[in-house]
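One chain, chain A, appears in both complexes that follow, with chain B as partner in the first and chain C in the second.
Moving on to the complex of A and B:
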């Protein structure tokens, strides 16, 4: 019985790690600009499709991953340059409008349609990253795990540590917080606001790309998987609070594990319970797990 | 002299008359799920490929009617399906309609076509009651060329109970999956048996490990798979030391499933079938489809039923000799000598049977060495 629970825990952790990585992209963009990319999940979808095509074309996995990340980096840059920044021309903060909701969601729709044109409307499976067959299972303490699952869990942990370090221990982190607090003041302090914001969106996009590469072999991919990831990532970011990288990790893990166990106990409503859990949680902690413990920069 | 003029006049009139038949334009509307949920896309596209092939061959063989297909994508959305049905009747002036994947959509627009007196050959929708709903109308305009859920489930349960001690069920929470689950539970009860475990999953789910663990722990040797993600249940198996036999929807015979799951994992998987590729005519059809559509052709049984429904429709229009929907309906009902590639019989319809496939035409197929063959 314990084996069973551990097995479910692990599969929940793996999905939770993907939600964490996706939510991390939302978090970082929101931190610096108070804006969210409603196409974050669709960026993940593009990453998954690109990596699938490259690997099937026989390009070595690491090179394929690099190419996907370059493409996604450009996509993130393009998003900021063409979809976010033009809205700010009446002032850098541009916080008074919510047009970015429309434009980022629009980009999401465009990406879905492009994916339909290129890869067709049906579902696909990405080949495994590091093995020939689909039974690349590694046994750790009696628990069988797919290599990709181990990777995705490990990677999420590394990314969280990296963000923690970057945000709280480096000049760049301070720049992000300063820009978030007051862009004009940041500019007067000599911070390159534009560059900080662009970098934030590129980073967010890279995170989606990494998630896409890792999640591709674990799930069925099709042009419309993005929305579901965006919604779950929003839920995860809400649990964690939008201003702390550690909160996002805990939120993602909680959500993924809750989802796996609710599928085990009542599969007919497996998707429902985690979302109800988020709603109830937000009633008691409207600003998430950690945001109140940190200095509120907004 | 007079008689010569008369015979010339008659001759000219005959020629003109037959020219009119030759030039007869008939529009046939096709509503098909070509986007929306991925599973539906594959069903819709495959069926449509079959219809297109039938039309191409009909024209190449010098068919007397110039059939024009007007194709709409209902995106598996009932409102859209209904509005396209209305558009086909009111502005496109079609004489007959074919489609669609979602049984719910068919049930939404079939009453409209019945009222308007426009014949419908439904497919590849598979809910059991589609033609039965209208068969008592005088006359019914609703026909179907597709799998019938009850028939494939009955075959599967008879075989499953004979060969397995414990049978489990995995179904999706969509209308389709819940409907299949009800039908299966009813069927088990009728046979005095019970399922050892019933697991459900939302259509967009990413991981079925928890559900498969439950089925494993219940000791299910046969898992009936009625979830739209045909390949997902296989995915969880290598890590939970579980290797049940799967049986399920005819969708499991898609080339796509084997491409994704792999030949080893899919070997022995059983599904409802209506096409036997060991039959030379079916094999020849398979070849022709492959030549025509290449890699996009993935689902022989779906395409075969689309092809047969197309052939029945075009032949019926020719037999009717006009674009009058009522005449076409009568011609469909009384059609004979259908040389179907699926197991559709030569004389499929009668006044009280509007299904291409009856219980005796549905059989079980099984994946063996990378091909779906008849389960012996």
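Moving on to the complex of A and C:
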């Protein structure tokens, strides 16, 4: 019995890691521009499909991942350039318009339709990334665990650490926080606001791409999985109040684990309970886990 | 004093939307000179600084900085060339530490090697010792006066040729205003060009070399600071 629980826990951690990465993308774009990409989950879907096709075509996993990231980076750049920036002069929220909801959701629909054209409507299985088979297990402390899940968790942890490093220890991270605070003041400090914002969207898109690559072997993929990931990532980002990276990390992990257990006990509606829980949580703490540590000062 | 001024503003008109805010404003600032522009609420002081740093394009007229028109230069590039604008309300980044705020300033001005960075930090810490004590705190937790000191120091980390300040005295106790204005005077004496926008006329005039009074978007009165100080009543009639 304990074995089963631990296995569920690991599965939950793996999915939680994916939600965290996806939510980080939403968070960073929201931080810098006060906008959200409602296609974040669909970017993940594209990443998952591309990586699946490349690996099936016999391209080595690392090279395939690199190609996927290049594609997703371009997608993020295009999103900022064609969908976000034209809505206002600098790609910065004017505060008065919500057209980005329509345009980013529009991009999501376009991506879904393209994916249907290319990969069809049915579900696909992505080959494993790290081991010979999807179901390869490794024995840790006497318990069998899926190799893929363990490595997804490890890899996601590295990416999250890198993300923290970028945000809190680099010139670019300081620029992001300055732009987030006040784009015009950022310009007066010599910061190239437009380039900072472009990089934010590229990074957000890369996070979706990495999530897509990692999640492929854990689930079945089809052109419409994106919306579910967007919604869950939004829920996770909301737990962190959209402003606290640590809250998002905790929220993502908790969400994944809660979902794994609720799916174990109710396979029909298991996905629903964690979302309901987040809704109730937000009623009591509308600004997230660490509301006093608000980074969004507007 | 050098022959051509570092900053030359020639007959500027500027509008926000359809409203014309500035009318034919001209002024110049040379290296080593502290020029103040004083004016009441809504006179157009902030608009003038925004035009100079190219956040707002003038509809008529020309701004020249360091011998070249600024027309086609983006605001962040002007900043990197040493035209530094400390905006109204200081705009220090509250979520970053005091040190990070200072580093932001240094980063865009090619102060890259850590030795120069430390030298520059030390210089600012000795100018405003309170910044050293608070360097690891979130900048948002500083008092208004400390934030203004941070804003000035952050600007100085950017290697300014011209330093423009928009109402640094706003909301501060007279003693702190004095500290900051004295620091500006000293910077001018060391060769920096300073353009100080203020509402508190007498405080600004006490440190300035030359002064302009802005009223309804027009320069109503210009002169040396000592001339204007002597004519306190006249100056105040324009500010009323």
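As a convention for this text, the second predicted complex is superposed on the first by the 284 of 298 C-alpha atoms of A that agree within 3 Å, B and C clash if a C-alpha of one lies under 4 Å from a C-alpha of the other, contacts with A are read in each partner's own complex, and residues count from 1 in each chain.
Keep in mind that, in the parts below, a residue touches a chain if its C-beta (ideal position, glycine included) is under 8 Å from a C-beta of that chain, and two chains touch if they have at least 3 such contacts.
Computed from a prediction, not measured in an experiment: that's the story for all the values here.
Colleague: Please work out whether A:144 is in contact with chain B alone, chain C alone, both, or neither, and reply first, second, both or neither.
Modeller: After superposition on chain A, A:144 lies in contact with chain B alone.
Colleague: Touch test for A:191: chain B only (first), chain C only (second), both, or neither?
Modeller: second
Colleague: Does the superposition put A:219 against chain B (first), chain C (second), both, or neither?
Modeller: Only chain B; A:219 stays clear of chain C.
Colleague: In the superposed arrangement, does chain B or chain C reach more residues of chain A?
Modeller: Touched residues of chain A are more numerous for B.
Colleague: Could you look at A:182 and tell me whether it touches chain B, chain C, both or neither (first, second, both, neither)?
Modeller: second
Colleague: Residue numbers of chain B touching chain A in their complex, please.
Modeller: Within the complex, chain B contacts chain A at residues 34-35, 38-39, 41-42, 45, 173, 199-202, 204-211, 213-214, 217, 229, 231-232, 234-236, 238-241, 256, 260-262, 264-265.
Colleague: Name, in rising order, each residue of chain A that touches chain C in their complex.
Modeller: So the residues of chain A touching chain C come out as 171, 174-175, 177-178, 180-182, 184-193, 295, 297.
Colleague: In the complex formed with chain B, which residues of chain A make contact?
Modeller: Checking each residue of chain A against chain B gives 4, 7-8, 11, 14-15, 116, 121-125, 133-137, 144-146, 218-220, 222, 224-225, 228, 260-261, 263-264, 267-271.
Colleague: Under the definition above, what is the set of chain C residues touching chain A in their complex?
Modeller: 53, 55, 74-77, 79-80, 84-87, 91, 93-96, 100, 103-105, 107-109, 140, 154, 158
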